[in-house]
Each structure stands twice: as C-alpha cells, then as structure tokens.
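Shared between the two complexes below is chain A, which has chain B as its partner in the first and chain C in the second.
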Partner chain A sequence: MDYQFLWPPVIKALPELVDAALLTMEVSVVSMIIGLSIGLLLSFGRRSKYFLPRAASTIWVELARNTPVLFQIFFFYWGLGEFGIFLSSYVAVVAALSFNTAGYMAETFRGGFNAIPETQLRAARSLGMSFLQTQRYVIVPQVLRVVYYPMTNQFIWVILMSSLGMLAGLRELTGETQYFNSRTFRTFEFFAATAVIYYIIAKIVMLGARLIGWRIFRGQGT
Partner chain B sequence: MDPAGNAFTDLSWVDLLFLGEAAIRTLQISAVSIFVGTVLGIILGWMLAAGNIVVRLLVNSLLDVFRSVPLIIQLILFDSFVSIAGFPMPAFWSGTIVLSVYTAALVAMVARAGIEAVEPGLRRAARSLGMGYWQDMRYVVWPVGIRAVFPSWIGVALSVLKDSALVSAIGYIELLRASQILTTKTQESFKIMLLVGLFYFLMSYPISKAGDFIEKKWQQ
Partner chain C sequence: MAAVIELKNVRKSFGDLEVLKGIDLKVENGEVLSVIGASGSGKSTMLYCINGLEPIQDGTITVEGTVVNDKSTNLNKLRQKIGMVFQQWNSFPHLTALENVALAPRVVKGLSRSAAKEIAAKQLAHVGIGDKLDVYPGALSGGQQQRLAIARALAMEPSYMLFDEATSALDPELVGEVLDTMRMLASEGMTMIVVTHEMGFARDVSDKVAFFHEGKVEETGPAKAVLSAPKSGHLQKFLAKVH
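The block that comes next holds the complex of A and B.
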C-alpha cells in the first residue's frame, strides 16, 4: 500500500463540516416535525369511516413505504421539472424525508391507537371527562408510550438518510464532505471523518432520547 | 433529429428494455446481499444471544457502527478504501459487500430477538428430553423463533431492496441510476420517474403483502 494518508486538510475543514452537520440536524428536525404531523393525520385517515380519506392515506403510506427514499428525493428534485416546478435542494430533501416519515409514522401511530381499547374512551367520557380531557389524560399518554421509541428510531434514521441530500446537491454534512473531496481528492480521509461525526450525532440523539424517555415515563412501570 | 432542432430523443421501447435490465440488476444485487447478509446476520445474532459478555459487547458495538453511519458513506468509504489498498473491484462487488454487511448488522438484531423469543423453559425441556445443543437449536429454537421474527426479517429484506438504490453512488447502474441516464437523454423526467417508482413498487409491495399474509397465517 503506497497510499499516504493526509489528514491536515480534513482538520482544516472541520469548522465547515460542523456547520454542515448543523444543517443536517436542521433538515432532519424540520422533516421530522412535518412528517410526524402528516403521519398523525394519515393515521386518522386510515381509521376513517369515509372512503376518500381512507384511500388517500393508504396510497400515501404504501407509496412512501414501498419506494426508496433516494427515489423520493429525486422525484421531488427532478421529477417535477416537466411541469416547470423546480424545488431547491433544501425543499426537495425536506419534502421527500417528510413524505417518507409521514408514511412510516402513520403506521406506528395506527398501532399506538389500536393498542388502546375503545372502552377506555367510553369509560373516561362517562366519568365526566370532556373529549379533549380524555385525549389529554387517557389516550395521548398511552399512545406516546407505544410510539416513543419507534419515533426516536425514525429520527435517527432521518438524520442518516438526509445524507442522500448530497446526490441532490444539498450541502449538508455529506454534501459538504463531497465538496471538500472534489477539491482535495482525499476521499477516504474526508468520508472517514464524516462517518465519525454521524456516529457521534447518532449516539447523542439516542442518549438524549433515552434520558427524555426515562424522564417522561418514570413511575409508569418499564 | 426533428425539424425543431430538438437534440433529445423520445422515450422508446429500447429505453424501457434498458430500464427493465436495470431493474433485474437491482434485484440481483439485492438478492445476493440479502442472502449473504442473512446467513452472516444469523451467526452474529446467535453470538449476541448465546455469547458471553465480552463477545456480546464486541459484536454489538461493531454492528452499531454500521447502523449509525449512513449507508452511502459506508459505500464511498469502502469503495475508496479498496482502491487505496490496491484491490480495486467492480462496483457490483464493492456494493454487494457493503450491502451484505449492512444487512447482516440489521439481521443480527432480528436473529437475536428470535432466539430470545423462545421460552427458556421450552429449551430446558428440549435439553432434558436428551436433545443436544444443536438439536435444540434446530428443532426447537429455529421453528419457534422464526415465527416470532419473520415479519421483521421481511422488513429488513425490503429495506435492503430499496437501499440498493444507493449503490448508484459508486457507479453501479441499477434501476435508479438507469432512470437518471434516461432522463438526461429524453428530458421526460416525470414519466420516467413514475415508471421507476412503479418498478420499485411492484418489487416491494407484493413481498410486503405476502409477509403480512404469512404473519397472519402463523398467528392462528
């Protein structure tokens, strides 16, 4: 092996990489918030007694779950060009990740709501709780327990998948790394450093989620 | 070239054939990776379930790396590493190796859950009936465990099928990359995207529904 590893360019670029990592987090948080909100609506849609919302949300969920995320990113980025719709890299990546997250979280929410027997709702209402009180004190806490860990997994997964932004020209952590790679040709060094940054982000998020989970679910068994 | 001077060609049957071939390449690389990754993952899962604390800690933290670093970075790193080390290989092989290891990291968790899903009492009963360790594994743990985690395994297989699109990043012309080539040629991005989406959907959806069906059947 005659290759000489050269790390100084990576160390010099570290501040820019950290900035790009912040963009990665921004994209992920925004996509997660949008995806969770739409996912919640879709889960209601799938339980609706009317055909139209049920069909629409089923189609959304199946499309999101049965095509690759990278395809979804490309679709938003290039696929709409024929209609003269050109989304920026940022919007296209956020749209795709939100679309995908909504599809997966809809199923998780559905499982969460299905886990609560309907008799609980009736019991709470007959105890004199209003509809909103029932949701607030009976339904939501239980659903949250079921969906909390799948939700944190999804969040980490969104962070990892936002790396595909690179292929749609977004300068998030991976895109920025590719930019430095194209200027220095230190492919291995740059991507190794980025791998470490992703690993650290994933660990911090996981630890944070555990701590928060432990704080909100304390005194409730598991 | 048409009189208007349009340098792009219309979408033709040849292009469809090109997409079809690329879809087959997607299926190939996925099938090989899922197979190798599953075998490897079951062995690793067994180490996680049956190993002592040192083995478990070692295997777990190793696999954790593959689950915490984006797949695209794993692909680029491995691809550049083999060229640095002086063993450049075709994109199909570096892609297959990375995808297989990634699959193994996911299957290992599924396999461990499967082994741990089997009641210790059931296994003790098997052993006290005179079964050896491997007989217990083969005739008790395997059939019971696989029913518990088969749906999760289907989920892993489907995500690998879809993630194989990322191999395009190191230059392998699978379905998604082929669609980009066609888009450049014909400029009919929307139609091609719909077609490719349909291809992926037709590969993934039936497997996912079959998985649901088997799960329901086994639960009865």
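The block that comes next holds the complex of A and C.
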C-alpha cells in the first residue's frame, strides 16, 4: 500500500468539525421536536372520524415513509423553488427531516395509542376529566412510555440522515468534512474521523436515552 | 322520599342489538341497589349510561334532577358526583398509588398539589392501603388495585358510587377485602348501585335488588324478600345456578 496516512490536517480542523457536529445536533434536535409534534397530530388525524384530517395525514405518512429522504430534502430545497418558495439550506433540511420524522413517528404513536386499553379512557372520564385532560394526564404519558425507545432510535436515525443535508449545501458535519476533503485531499482521514464522531454522538445519545428512560420509568414495570 | 337517580323507559342499542329494552329504576338517597342477572343482560351497560359514558337512544336518566341524556348537560361536571369502579380496575400504571388518587382532584377540581395529595393519602388510608402511597400499581395485588380504584373515585367526594362487577376479575382470595371496603362505604351511608354476582353481598348489604333479564328489569324489590322468595321463574333459575 503506497498511501501515506497524514493526520495533522484533520487534527488542525477538529475545532471546525466539532462546530459542524454541533450544527448537526441542532438540526437533528429541532427536526425531532417539530417531527414529534406533527407526528402526534398526524396520529390523531389518522384516527379521526372525519375524512379530511384522515386523508391528509394518511397521504403525509405514505409519502414520508415510502420516498427516499434525499428526495424529500431536494423537494424542500430545489422543488419548492419552482413555486417561488426559496428556503435556506438549513430550513430546507429541517423541514425535510421533520416531514420524514413526523411520518414515521405518526405510525409509532398510532401503535402506542392502540396499546393503551380503552378502559383507561373510561376510567379517566368517569372521574370527570375532559377528553383533553384525559389525553394529557393519562393516555399520552403512557403512550410516551411505549414509544420512548422507538423514539430514541428515530433520533439517532435523524442525526445520521442529516448528513444528506450536505447535498442541499448545508455545512453540517458531513458538509464540513467534504469541504476539508476538497481542500486537503485527505479523503480517508477526514471521513474516518467524521465516522468516529458520528459513532460517538450516536452512542452518547443512546446511553443518555437509556439513563433518562431508566430514571423516568423505574418502578413502573408491570 | 324522592329518587336521586331515576331511569325511565331507558333504551340503548349497539347497532342493531338492543341491550336495554325500557329500563325503569329508582334509587333513593343513601340506598344500596344491587343489580343481578346473567352476563349480557345489560347490567353493566346500564351503569355506563348513568354517568353518560354510553349514550342512550330513548327514555330519560336523571341524577339529582339533572337529565344525563340531555345534550346541554355538562357530563364532566356531573361525573364528579358519580364515582365509578370497574371490573378491570384500571389503575393508571404510570402513576404511583398516591398520584393515581390525587390526579383528578388536582386537574378536575383545581386543588393544589399538596391539597390533592392530602386527600389522596386520606382516602388510601380509608380503604386500607395507606402504606402503599409511593408504590406503582404494577406492584399491587388485584385486590389492592381495586381498593386503589375505589379510593380514586372517593377522592372526588362523589354523592353516588357505581360498581361494575368490581370483584369479578379478582382471584377468589382477594374478593373479601374489596367486598369489605364496599360494605364499609354502604355503612357510611353512600348511595350505591352495585352490579354484582356476589349474592351474599346483594342479600346482606343492599336495600334493594333488581334482576335483569334480556335487557329488562324482570323483578325488583327489597333485597332479602326478592332473593329469598323470587317470583319470576327466570330469577329462580338464575339463583339456583349461582348458588
């Protein structure tokens, strides 16, 4: 093998890579929050007795789950331009990842709601709680427990998917890596270092989520 | 004495299936009414209609003069007066015993956290599980969970209690503790409608008994009289089977 590994450029670029990793995290967290909120609404929509919310949320879920994420990012970045709507890289990537997450989480939430027996709702209503109070204090907390681990998986998935943001011009971790690659041609070194950073982020998120989950749900085992 | 809960010609269907075919019933203040009958005779459905969890198709249900099946009736408000205990005890698994009981006083009545917890602790002690405040329902026995459900209903300080086969899902050795709790409530003067298969409880604790048969009240009257000298042939057969 005549390739000479050269690591100093990577070490020199580390501060920038860490900054880019923070942008990756920011984009992922924002997308996750928006995606979760919309996903929850979509899961209500899918169970609605009215046609319009049911149809709208079904179409959303179908599109989000059955088209490539890259296409979704391109749609928000380039596609909307055809209609005179120009989003920045950041907004386009957040919109696409939120769109995607909402679609997946809607199905997860739906499963979560189905897992809560109807009798829980009756018990809460019999105490005089309104429909919304029942959802907020009795149903949703139990659903969150069911969807908690699928949710952390989705979060890690979003972090990894956000690397596609590079293709819409976002200088998140992968975009930044590609930038340094094109300046130094230290392709292997930069992408290897970045892979390690992604790996560390994913592990930290997974461990943190386990810890938080243990803290919240301890004692509730049935 | 005027009836506090009254059903007049109540009809209820699930789709094409008519489960209540014109029910007339009266419960007076402080009275304990036991409702007996075979499974599928409409007993439980009738309970769900009284607090408006199930809508009815015809007739009227009044609680303290308020028409339950009137569209303008605020059911959330009405339900605060009517405690309900279910066959599947339905404790909230994500909350401790104390939080289970304190939840409705806090969010429905708007009590402060501490005031709600105080009431909850008092009610849990009242039903004999005052030592389980911080335990999650998953770690309680069926009998304890059912008493937790009773305490949860009592914490709203209801005027009436509805029991839907409260002991049917319990292991036999746990039935006694729940029945004792219900006896205690009855002796405190609580107005109760108890759907039950426990004939001993019906005979000893209730003032009145109503026998449901195929969606109708086939026989009703003072508990001891009805159970010891049933007139209806169906009731005679039913009692012969459950004894």
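Before moving on, here are some points about what is shown:
Definition applied: the second predicted complex is superposed on the first by the 212 of 222 C-alpha atoms of A that agree within 3 Å, B and C clash if a C-alpha of one lies under 4 Å from a C-alpha of the other, contacts with A are read in each partner's own complex, and residues count from 1 in each chain.
Methods note: a residue touches a chain if its C-beta (ideal position, glycine included) is under 8 Å from a C-beta of that chain, and two chains touch if they have at least 3 such contacts.
Keep in mind that what you see is a predicted model, and the values were worked out from it rather than measured.
By the touch criterion stated above, A:F188 is placed in contact with chain B alone, chain C being left untouched. Once the two complexes are overlaid on the shared chain, A:G111 sits clear of chain B and of chain C alike. In the superposition on chain A, contact is made by A:L63 with chain B only, not with chain C.
By the touch criterion stated above, A:P150 is placed in contact with neither chain B nor chain C. A simple residue count on chain A separates chain B from chain C, and the partner touching more is B. In the superposition on chain A, A:Y3 makes contact with chain B only, not with chain C.
In the superposition on chain A, contact of A:P53 is made with neither chain B nor chain C. When the two structures are aligned on the shared chain, A:G213 is found in touch with neither chain B nor chain C. Within the superposed three-chain model, A:V138 lies in touch with chain C and out of touch with chain B [touch as defined at top]. Chain A contributes residues 117, 119-120, 122-130, 133, 137-138, 141-142, 145, 219-222 to its touches with chain C in the complex.
If you check the complex, the residues on chain C that touch chain A are 48, 51, 53, 76-80, 82-84, 86, 88, 90, 92-94, 96, 103-104, 107-108, 136-139, 149, 152-153, 156. On the chain A side of its complex with chain B, the touching residues are 1, 3, 62-63, 65-71, 74-75, 78-83, 156, 160-161, 163-164, 166-167, 174, 187-188, 191-192, 194-195, 198-199, 202-203.
Contact residues on chain B toward chain A in their complex (touch as defined above): 65, 68-74, 76-77, 80-81, 84-86, 158, 162-166, 168-169, 176, 179-180, 183, 187-191, 193-194, 196-197, 200-201, 204-205, 208.
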